[in-house]
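The next block holds one structure in the form of structure tokens; read it before the comments.
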Amino acid sequence: MRILVANANTTEAITALCAAAARAAAGPGTEILPATPRFGPVVISSRAENIVAGHALLELLAIHAGKVDGVLLAVSHDTALEAARQLMPCPVVGMTEAACLTACLAGGRFGLVTFGGTETYRERIAQHGLSGRLAGLAGLEATPQDAVRDPERVARLLHGAIGRLAAEGSDSVVLGGAALAGMAPRLQPDAPVPLLDGIACGVRLLEMLVALGLPKPALGSFAAPQGREVGGIDPALAALFRGS
Amino acid sequence: MRILVANANTTEAITALCAAAARAAAGPGTEILPATPRFGPVVISSRAENIVAGHALLELLAIHAGKVDGVLLAVSHDTALEAARQLMPCPVVGMTEAACLTACLAGGRFGLVTFGGTETYRERIAQHGLSGRLAGLAGLEATPQDAVRDPERVARLLHGAIGRLAAEGSDSVVLGGAALAGMAPRLQPDAPVPLLDGIACGVRLLEMLVALGLPKPALGSFAAPQGREVGGIDPALAALFRGS
Amino acid sequence: MRILVANANTTEAITALCAAAARAAAGPGTEILPATPRFGPVVISSRAENIVAGHALLELLAIHAGKVDGVLLAVSHDTALEAARQLMPCPVVGMTEAACLTACLAGGRFGLVTFGGTETYRERIAQHGLSGRLAGLAGLEATPQDAVRDPERVARLLHGAIGRLAAEGSDSVVLGGAALAGMAPRLQPDAPVPLLDGIACGVRLLEMLVALGLPKPALGSFAAPQGREVGGIDPALAALFRGS
Amino acid sequence: MRILVANANTTEAITALCAAAARAAAGPGTEILPATPRFGPVVISSRAENIVAGHALLELLAIHAGKVDGVLLAVSHDTALEAARQLMPCPVVGMTEAACLTACLAGGRFGLVTFGGTETYRERIAQHGLSGRLAGLAGLEATPQDAVRDPERVARLLHGAIGRLAAEGSDSVVLGGAALAGMAPRLQPDAPVPLLDGIACGVRLLEMLVALGLPKPALGSFAAPQGREVGGIDPALAALFRGS
Amino acid sequence: MRILVANANTTEAITALCAAAARAAAGPGTEILPATPRFGPVVISSRAENIVAGHALLELLAIHAGKVDGVLLAVSHDTALEAARQLMPCPVVGMTEAACLTACLAGGRFGLVTFGGTETYRERIAQHGLSGRLAGLAGLEATPQDAVRDPERVARLLHGAIGRLAAEGSDSVVLGGAALAGMAPRLQPDAPVPLLDGIACGVRLLEMLVALGLPKPALGSFAAPQGREVGGIDPALAALFRGS
Amino acid sequence: MRILVANANTTEAITALCAAAARAAAGPGTEILPATPRFGPVVISSRAENIVAGHALLELLAIHAGKVDGVLLAVSHDTALEAARQLMPCPVVGMTEAACLTACLAGGRFGLVTFGGTETYRERIAQHGLSGRLAGLAGLEATPQDAVRDPERVARLLHGAIGRLAAEGSDSVVLGGAALAGMAPRLQPDAPVPLLDGIACGVRLLEMLVALGLPKPALGSFAAPQGREVGGIDPALAALFRGS
């Protein structure tokens, strides 16, 4: 099975980090194909960047449409997830979506910790219909870059936030942010509740969805586009819209 | 005051229709500037088209940043609204958002009628936090093109839907879809409840916001981007991301 | 256009304060008519006072019915708003409603700061269907009278509360309480997020509603009363109930 | 124990009907004192009438303050309930509130049937925080007066509505409207689910509250008013506001 | 009237405590029958214990079916409440349910204080559909046993928690936990808001329900079981399932 | 990997049906162990049966604790799911929970079709926090036994219900009821949206959870019981409660 791990920013190092985490989590027989968009934000840290990244991501996916068995959006905002799900002929999963749904399976309510502001995560989880399972959000006073530059400080901040979230009712904690991909194994031993890595959860959920082999809906807003004209965009993406 | 009426699809006729409706609604001294994106869907009728249109719309807005006093998104999906609001130095209003908030001011709960599927409207209204004010949704078995080709049939369908929505608890009805811009005056006389045209509401709300002169927030997810690197995009948009 | 600025308590100084704020916010051609009820609470600070004030306010409005183009309820509890909306032949807007809906147009979630207890504001915002947009409430340890007696202390308290609300996720802050009318310009320069004055927002929203010219609904609970007998009340109000 | 059964409209026949239903439901040792307001609507059938009735009802209650052990609001809109609860030195219960809470004790979700429009009942139940227990609302095409003039037709309409509500998930049905007081025994034998009469439920809940002897809160928005000046109103009501 | 006070754990001392509180609260003519399950947890302090206790409780109730007029579940988790309500031919009330609904009648929002963790109470209140009336939860750092061993310390903790809940918006406070049964009179004098004892509230609500004499529903998920085969259980319980 | 497929009723045929569906869905290397409780309902079709089944199920699980890698609750009510999750040292998944979460990954909102009444499913989905993703419920006028006796009629009913749910906004449909296990492949070809079989989804989600290897929480209401005394129950279950 071939799973596309699609970053939504243009930083190859993040793509590589996510791909490594995906490979570490994947089952035997699962091949991980990393991919980085042609254009868009270096890092997505705001609403507006996320919109441009959405287009870049759909273009990236379109290039791989029909050549992969599943797509993992390696971006913690689950950028353009619903659109990708409609557009692609294979299952698509967002990394934060994956972690949150896995947290539900672990039981109770979950927390989420991420770099910087948390409002857009609160909104995204509400859009996933999971507000009732969310116990708390914690924003680290650090950037994704700090995780590379000073991993010890970031780890300390993470442990503090995880502990507080657990004490305030989180039965598990989602590590939000592609820059944290692969950190769960290191952090878990000292954490009082399970930690959820969106990349690991996402790869495993995709393996499950591919195995289930659900058809695409023929009705509703997730049915594949057919005969839609979209101009001035990449030919592969335009072809998907036409349904040809 | 200069208000940009920004279509999010590439159909000039829709832009013109919305601009005409905007001019008809605008107060004295308000200048309407219509604009159409350089690329993207001919008509937005699905989740995926809406994502591409989001990028096209931000590019279009960036070109006009600093040259207009307010922006009306002339697209019933309120495409990229929050991003545009973050990005632009002036107020931005979405046409469906405008109609829904005006419906709140008219009192009670509102319904929405549109062409085709209604799920994405249900979601959008939920994202606006207004689900509690939504009494019902009605999807016409017709396309925006039908409104041009067979306006009488569409008017009959609209009247039926409006009547049913009112009977089931809608105190007002939002006409959803840019293709319905300007139709309210024709439909209103036979409707039992007020009809809300997003273009008319949006222009008037923008006049109001421009008059209030609220500053942009310095904190939070609507603060203007600063120093953000976004590659492979239109220079005007890239400049807005850099904050220069 | 003539806008009635109707206080719901009997303190003329508050009426005058609100009228001044309304005039400062109004567009050219808008005439502000201040009005104070004949009976009722000197200041509304509890549930029971608000009920008596509701009757007093409807009486006050009835006296002006047909003589004004719009009504702004200059009372932060949006006292009797839905009833006034049903009863009057012109648009009616509540000052807190106005500020909250304008906050929605500014983007994200809003906070509200007021004198004393906040529970009734929490309830009122829930009745407006806007709980999902409310990020936080702050009650100042001060009375409306303190705002007159010691404005510097109240300003300090306000700044502290606004800063905390913004830090905890409010993208804008509503100044709740008629006694704060007109204070936004003084407080805004030091505030990290936009401040919303219900009087200013309300006047502008009324100008917009008057311009739109929406009809009254013929169906539902906001349709004008017709043939209703209400005894022992002011003749003007009784006449409105009879629909004559 | 003396329970005031306070109508909120001025129709003595309704007061008498409710008083009879209250006496039929009351325990031994409970004395029912019927009371009708001095002014206000003959029948409350709209938002605006409900506001005037709120004042009239508070005045009526104030006259009896200290002379009764509990107050039942014999009005299906639970008019001014929270204000009365704050103001009075004894427990106060609304008839629809009473029926809905009793329905909760019967298990599952409840429906409500009433004369005419249902939107204001939907809102009232939401204000009681009970929307999640509400399975459906049914509005009869009849008026309270019809219940007197043509009780057989109204009984047929009621049975039809009760049956539909039960089939659609209501585990019990609230009879909404003071004009239905005392009808439950006649309707119950043919109904598939329990029927709840707000007067009967309310009297019994008041007996329970009086027996419990809960103190009034010293904090918050239900604490008794103290030192509040309210002018131009009945001396008994003004005295309650002053707390003297 | 005979009311079964059914403990769900096997600790006779708790049964006795609850029975004493029930007798203290009961009206004249109400007989309290205490009962303790044959098997199950000594104390219920987790999700899994609650499930076993549910079965033990239904068995206990079945033995008394037809011999009592009402059942009070003397267990703060409202264990198996809905099932007992379906199964028994008489009214059944849970002690926390009873306290929460009585809190609603006292007005505004309530808090709940209990021993240890609060998450399962948050969930139970949500299942009762009362989340919107819940202002806060407080978990004491103490066990039910501490209430016996060191009542003064527990009283101090309780007072602190009650004060904080009231300051943060609770208009009343539910004492959650059977081990607190009967403590309200001692704690109330120093509390700023009414305290609700589930046993006292439950007994009085049962008296009210018995007086109302609501029939069991013939439709829906609370209709009595009929012809259901359940093997390997107590004969009395099996007989109830068969409906014989 | 060994997965226990635990029925919660005592009908071996249902256990066998679910085990077959589980084997058909399982990945290579996954061993399916079917198990049936020692006591309890023949079929669970009411609230009270579900409580007894909860105890029977925990006993069944306890016997297998430590001998299996994951547990699938093969009962559509997700009976005792949270308790089992707390109690067992391995992941536990409920079949309806599994189908609903997988439906979320398929996108949009889901419907659920089952035999008979739907209220308890509505409640269960609310407890899972997924009400916002639920588009509709359909109850077939048929029993699980009919699915065996007259599969063609049941298939016709199912197709009708699935079609209606899809037309009313369900992007996928959960087949609720263990008696429908394994039917999805037969029904899918004629269905307009994906059909979700809880057994298939559950097995695959368990494989994923086992692969992830999340630790049990050390804090909160899902932490394993320790030192809990539960009397009169199966020794294996008692031992789990003691944590020994």
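Order as written gives the chain letters A, B, C, D, E and F; numbering starts at 1 within each chain.
FYI, a residue touches a chain if its C-beta (ideal position, glycine included) is under 8 Å from a C-beta of that chain, and two chains touch if they have at least 3 such contacts.
Labels paired with UniProt names: A, B, C, D, E, F = Hydantoin racemase.
All of these numbers come straight from a predicted model, not from anything done at the bench.
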What is the set of chains touching both chain A (Hydantoin racemase) and chain E (Hydantoin racemase)? C, F
Copy-to-copy rotation for chain B (Hydantoin racemase) and chain E (Hydantoin racemase) - C-alpha atoms, rounded to a multiple of 5°: 180
More contacts between chains, D-F or C-D: C-D
Same or different for chain B (Hydantoin racemase) and chain C (Hydantoin racemase), where same means more than half of the interface numbers show up on both copies? same
Whole-Å gap separating chain B (Hydantoin racemase) and chain D (Hydantoin racemase), where each centre is the average of the chain's CA atoms: 44
Among the residues of chain C (Hydantoin racemase), which are close enough to touch at least two other chains? 82, 85-86, 108, 119, 126, 132, 169, 171, 220-222
What's the contact topology between the chains, one of line, ring, star, complete, other? other
Which chains are in touch, pair by pair? A-B, A-C, A-E, A-F, B-C, B-D, B-F, C-D, C-E, D-E, D-F, E-F
Chain D (Hydantoin racemase)-touching residues of chain E (Hydantoin racemase), taken from the complex the two chains share: 25, 27, 82, 85-86, 91, 93, 97, 101-102, 104-108, 128-133, 166-167, 169-172, 188, 192-194, 196, 200-201, 204-205, 207-209, 211-212, 214-222
Chain B (Hydantoin racemase)-touching residues of chain A (Hydantoin racemase), taken from the complex the two chains share: 10, 38-42, 45-52, 54-56, 58, 80, 82-87, 117, 119-120, 123, 126-127, 220-222, 225, 228-233, 237, 240-241
Which chain A (Hydantoin racemase) residues qualify as touching chain E (Hydantoin racemase) in the complex? 108-109, 132, 169, 171
Seen from chain C (Hydantoin racemase), its contact residues with chain E (Hydantoin racemase) in the complex are 118-119, 122, 126
